[in-house]
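Lettered A, B, C, D and E in written order, each chain numbered from 1.
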């Protein structure tokens, strides 16, 4: 099973009624059990692309499809940057939301819900409302919610960008641990180049105006232990390479 | 001239009316033209300490003083995490606020204001209101406002934490460029260890419960070009050393 | 040479200034005592300003005589019925124009066209249409409640974070479930804001309507004793209305806390 | 074997549904046309529901005859004066209790004790105290305006980001300048929210007071034609009041945009 | 709202002996004797410097008199007046200023001209429009009903807050009957939408309004008597001019036109309208003293006054008697 993004293009009408091309000629495939990371400067269309893949936006042309899948209605799990937990539901109720909507039995909801809440380490906060959680805990609940539907494709849009640097580092490690247990096909969006290098099997670098694929970089490092002394230099090289690709665009974005 | 932090201790009364010691036995000195960075896990008291030094909070015991200064009323410039620009003032009016309050003449306000707005690259946005600026531009205006009073001590509390990773990298570079021109004594708070290593002459690592100085680390690297290939390994070692000091506390903070 | 030392002191200490806890009581107690004294020693004639003690005693007598009971039930009937009808319609229509674009395009301009009319001005019209009985008064109150509620419900629906709708759809909700599980709870805080706003308006309309066209009710009682210059009984009426307003507000707040435990 | 292909489609497309721009007009226009027809062909007697065209014509006649002018000036005098006094006092006292802790401790409980009284209930009392002339009506309106304004001003002061106060102090402001340059502009948006809320209340109070105790004014004119069952003239009165409400609101919004250009 | 003006036109010579007296009143026909006294200089003759405070409503006059803001008040006698006295305010009623009297048209009960109501008895279960609760209209309606064997509980009294309101609601048939006074009765009859069922004065004698003295002015017997001498002269002048009857018909007296002219000037109204609404007044301004107790008893029975009071507390006929004696 793989997810094919084929000739995707997206134009918006901006506030001055002008047509703006946000994405153009986007073509790539997310293979089974592959972790693909999208990086690029602000406004290059990362979120737009992720939303199109997630079925939350229609492409102007082109299409996105699953290939070689049995189910007629593939499951998607999305983790949002804004977290988007339902404030009126407790952690548990949030996590099992997708299961409820699929008509899964109460008993199974309990089982699956508890399993994933456990996995993200929120067992003690099962019955807490989102407002009672810290930023890091909220995002973990968001991840558990996306995992609970056992998705065919996991989408994450800058899930850790609102967290402080230390929490972020710890969450990246945790995410990798979880991913190693689930091995979900994943499309991950980030601004943070170190994060991309740390997590990705493949990094897709976008340029802006219009958002196009500038480069696709395979990260040839073992999936775990990239932080170790011995890989540090190589990681740092990848990061530098990506930064050189983006830098110019990022500076331009800052001046807008 | 130096700034001495002597035996500072701070206790708060928490919501359950219990006394909580946020800071204990804090002793250090910021030398002239020194860039001191405070790092530590969430809730270790970084902001509390910075506020005490900035005269925005009273220490429970101990004191903070300038030594060997001529003026009777030392100038402070603070850059806040929340930026705290006055929304009803344009960039220019914000930047010259401190000058106005000191009774500086209109003409000099113009001169100094334009100088610092130029320095942070906001000349085109002089007359814009803060709501019209992006996050990065807002923070640059905040920095210009703090510099404009030509402070004896510059205080910065996580100034870049709300920015995206790429903007942050660019802003760090800019800050260093500006600092090299002004050479202000600076106390800088951050969660981000790479940032600390990139900017600091000295890093003070705090532990939590209560906030105490765990270690003071001198960064023996040239002030500019720490990003260069040749220093990258050394930087990375410093960062690792600091991370090992903090990690345990950071994990604990995440579970609260 | 001695080194110069410039200690940094807290310059925002004034923000933390505390006032003794009893100051709050002092204000109200002071006014009441002053008022009592002023009326007692006759600086102001009790005809114009009866002493608080006098008002309380008169109130008790009116309670015992059953006079309050009759007027209060008449008023309560009107306001409860009017408020319930107005709030129910307001929430319903607010949800409809909030969620369906076509209903929004048609309904919103109509709502905003009628909204600025001070509702009491319609009382004579309703008396013409519906007679001078309870119906016209209940309608006026319902109408006065309807508008703040419909507008707040509408804004509430519109202010629901679209991210949450997207999240719900992503996790498999159909449109009905989006309304039921996302739009409705998401709009609830704004709906309550509307209900609270409407509470004040409904009371104002009740009293005005009773003064203009009623023989019974606390409003007409106040006017009646005003005409008769029986100030202490007038004040009892005002006191009852103010208690009514207070209870109304508290009840809504209690309900809000029950229904929106997750509100920050 | 053919590979299976499952295309991902946009599941929130319903959020972007557009309605033709003319739908908004359709609603209002439809109602007006229906109304005109219903009255014209006599399904409903024009005595109860005069046709819109009839109302406009009657309005024009009343304008020419000067009848509207006299009543309108009487009403405008009352509401402008009452609103100005109430708003000025409300802002002033709101700032004082917002900024001085002691004033807060003393003043706030008093404000909240009087707040729930539906102000019109005080009209008979004010007639006793101040006579039946303009003063009692103006006072009622001022009082009705005072409370929402004072409470909003107070919350406005309290809601000013303490970070901004700290920033101002850091950059050398003394307390007076903190009030002038930070608290006041920071509270302005909330003050305007209060002023807008008060606009509706003041109009309601004006009409009620004029219906209860006045010979002149749009409110008493509406009641007068209600008593006479001259529905078209009554409707003209309602129309004027609704225009008054609209203009009032627009004027405040215009002022807000002038005074708070930095508001998001 | 009240405005002060020097009421004594013409004479500006300041007699040192003159006692200054503030009079609070309305621009209504029923204040005619005061207008006459002012206009014809009766007050100066008695050595009184009369100052007039014009009021817009009746109630504040009583309040001002009791409070001593004016020395003399001239207005209607309502439940609120009795409640004021019961509430500790002090004033005394000293003279007549208009009453319902058999044979003289003043206040009447009207129904719509289409109405099938013909007698007061037919009013059972009907709506009667009055101005306000506790007003003179309320009292008259109640007493009319009682004289015809009904009680106020048998009808619905609808307060419409104003006299124009009464006419309007009658015209649109929102009430079945109203009480109205002259000249409004004539206006209704002229427009043809109403008809008179009965004249109040034909059923009861009723002291509708009076002259009040503040406690301190009443205590100044000399000035009070002087004032009442002037007032009594004026009422007599008024009576002779407009209320004299020959063979049961009112005929214009010698000074008829002059009196109408004075009233028209003070009230800013057309003489033709004034002529229709000339209330009955006692020739010597004497109060219908026993009626005051009757009023108090009725209001008390209807629970319109909080604490029953004794008529003796507020009526003082001695001053006027003294004045009349001095005049003769």
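Things worth noting here:
Keep this in mind: a residue touches a chain if its C-beta (ideal position, glycine included) is under 8 Å from a C-beta of that chain, and two chains touch if they have at least 3 such contacts.
No experiment lies behind these values; they were computed from the predicted model shown.
Shared contact partners of chain B and chain E, listed by label: C, D.
Here the chain-to-chain distance from chain A to chain E, counted in touching steps, is 2.
Set against the Cα centre of chain A, the chain with the most distant centre is E.
Taking each chain's centre as the mean of its C-alpha atoms, chain D lies 43 Å from chain E.
In terms of their C-alpha centroids, the spacing between chain B and chain D amounts to 47 Å.
Averaged C-alpha coordinates put the centre of chain C at 16 Å from the centre of chain D. Each of the following residues of chain B touches two or more other chains: 54-56, 76.
The multi-chain contact residues of chain E, meaning those touching 2 or more other chains, are 59, 174. Each of the following residues of chain D touches two or more other chains: 11-12, 127-128, 166, 169-170, 212, 223, 227, 229. A complete list of chain pairs in contact reads A-B, A-C, A-D, B-C, B-D, C-D, C-E, D-E. Taken together, the chain A residues at the contact with chain B in this complex read 41-42, 121, 134, 136-137, 161, 164-167, 169-170, 190-195, 232-233, 236, 243, 246, 250-251, 253-256. The touching residues of chain E, when paired with chain D in their complex, are 1-2, 55-57, 59-60, 63, 160-162, 164-165, 168-169, 171-172, 174. Those residues of chain D whose C-beta lies close enough to touch chain B in the complex are 161, 163-164, 166-173, 177, 181-182, 185-186, 188, 260-264. On the chain C side of its complex with chain E, the touching residues are 45-47, 127, 132, 215, 224, 227-233.
In the complex of the two chains, the chain C residues touching chain B come out as 3-13.
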